[in-house]
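Next up is a structure, given as structure tokens.
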Amino acid sequence: MTRFIWHAVRLLAAFLVAGMAVGLAFTIVSLPPASPELALTVADNMTKSGVSHPVTAVLLNFRGYDTLLEMAVLLLALVGTWSLAPIQEMPPVTPVAVLDSLTRLLTPLIMLTVGYLLWAGAHAPGGAFQAGALLAALGVLLNLTGWRLPIDATQCYLRAIMAAGLIAFLLAAANGWVHGMHFFSYPHDQAHMLIQFIETFATLSIGITLFTLFLLGRTAPH
Amino acid sequence: MVTALLYGLTGLGLFALGLYALITQTHLLRKLLAINVLGGGIFLVLGGLTRRLADNLIDPVPHAMVITGIVVDIAATALGLAIVMRIHALTGHTTLPEERE
Amino acid sequence: MTLIYLMITCFLFLTLMAGMWRILRGPTAADRMLAAQLFGTTAVAILLILAQLAEQPAFRDAALLLALLATVTVVAFVHRAWQTISESEDESS
Amino acid sequence: METLTALTLAFDVLLALLLLLTAGFALFGRNLFRAIVLYIAFGLLLALVWIRLDAPDIALAEIAIGAGLTGALLLSAWARLERSDDNQAADESSQSGQDQTRTPH
């Protein structure tokens, strides 16, 4: 009997989802042409933004609040995983010669690319998120190949680095008050420097936070 | 822009697939995959719909929003996985109690 | 020239389809993982050609990132999943 | 010129189809490990779509996160689940044999 109900529920869900998808598809097809207004507004204000790449300008200047809150969400996710009970550490990995030399080769290359992406963000695709994610991937690689990274939740300096992105963002935003402007408005001549400042710390924070999230919680000794 | 519309509709398809899987699949890892596919679909709809502007004019605002979304998505996935691990450690199951047979 | 690039892209895409078949069929986990790696390698090639086609050098950055990060998944597979799979196979045999 | 448009469209349609196919198999296939590998492939295809939509920023983020982090995260979590399942099975079989010698905890 429960099996029958289960099948009925599945069928109902399929109908509802399909119906919604068809309705949304009609909506999408019949939408009026996209309005270029927003793109033009961004293009008009690019000279004030402090960078020459529009996506970076939107992320760190025009819609800075979004990015600020996103950094906070990352930290919240980390607090969430840490507030669960500690998990068992995976058994130690036996070092393999091939992987060892591979990581020795790859680590400087990836670090170089992290720096490149961070630098490129000002004028080309790239920026703090991509660089931070790459940094986290490097941490994952090193962790998986048996390098013991000094990542321990109790260490104060680690928590400081994790919060550094958020703090740098808030400092840069509060800088507007110092200059008699609104919260989150950068003085024209400092905009480039402030964005670089935020991005550098944000890269570090995002990298370390994402890597720590990868560990799936505080690890308990084996 | 046929391409943009095509990918927008693909995103819609992914959204529907993900939503259906989220409702019907019982394994929690599978549910997390479903949430990720669903999210990717929504991002594609957003990207596809705003790409229908005249050529060479690209709207950076949705791009920035999608990048933010992707990072939030991975954070949510990691938190979800940690919770799945906890559920598994406590109950030995990888499904929700109300969905066990 | 554009035509040749486009044809190569479509051809590379067909090889992706072949890789997809291998992921679906298996038979072992290693086959599936290697097919996914083939996906990555082919995607690098497609990205490079698209960069040439669209004259967007930024696409090459994406290819670079993909080439660098392909190792992470493989190492995760070898060190975590493969050990688990071979252990459970040892127990069952 | 027409051949070019047709080829581009063919590529786009193929990419969209493969994307849907990968997602479908990842979500509804039986084998969970296969689903995770398919999800990794799905991330790569999604990055290609973002390139086709002229969004290299998103493609970079998708590659860095989809190819590097999510894949490793899922594989690692899957291995943990499988491993503890095996351990539990081993514990139960050994416990049924020598139940008295063990102190309950």
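Just a few scattered comments:
In this document, chain identifiers A, B, C and D correspond to the written order of the chains, with residue numbering beginning at 1 in each.
The rule we apply is simple: a contact is a pair of C-beta atoms (placed from the backbone, for glycine too) under 8 Å apart; a residue touches a chain by one contact, two chains touch by 3 or more.
Worth saying up front: this structure is predicted, and the values here are computed from it rather than measured.
Across A-C and B-D, it is B-D that has more C-beta pairs touching. Separation between the centroids of chain A and chain C, computed from CA atoms only, is 24 Å. Chain C and chain D have Cα centroids lying 13 Å from one another. Chain centres here are Cα averages; for chain A and chain B they lie 16 Å apart.
Touching two or more other chains at once are residues 9, 13, 51, 58, 63-64, 67, 70-71, 74, 78, 81, 85, 89 of chain B.
With touch defined as above, residues shared between interfaces to two or more other chains in chain D number as follows: 8, 52, 54, 56-57, 59-61, 64-65, 68-69, 72-73, 76-80, 84.
Shown for chain A are the residues in touch with two or more other chains, namely 55, 87, 90, 117, 125-126, 129-130, 133-134, 137, 140, 144, 210, 213-214, 216.
Chain pairs that touch one another, listed by label: A-B, A-C, A-D, B-D, C-D.
Partner chain A is touched in their complex by these residues of chain D: 56-57, 59-61, 64-65, 68-69, 72-73, 76-77, 79-80, 84. For chain A in complex with chain C, the residues that touch the partner chain are 90, 93, 99, 102, 106, 109-110, 113, 117, 120, 124-126, 130, 134, 137, 140-141, 144-145. By the touch rule above, chain D contacts chain C in their complex via residues 3-4, 7-8, 10-11, 14-15, 18, 21-22, 25, 29, 31, 33-34, 37-38, 40-41, 44-45, 47-48, 51-52, 54, 56, 59-60, 63-64, 67-69, 71-72, 75-76, 78-80, 82-83, 86, 90. Contact residues on chain C toward chain A in their complex (touch as defined above): 57-58, 61, 64-65, 68-69, 71-72, 75-76, 78-80. Contact residues on chain B toward chain A in their complex (touch as defined above): 5, 8-9, 12-13, 15-16, 19-20, 23-24, 45, 49-54, 57-61, 63-65, 67-68, 70-72, 74-76, 78-79, 81-83, 85-86, 89, 101.
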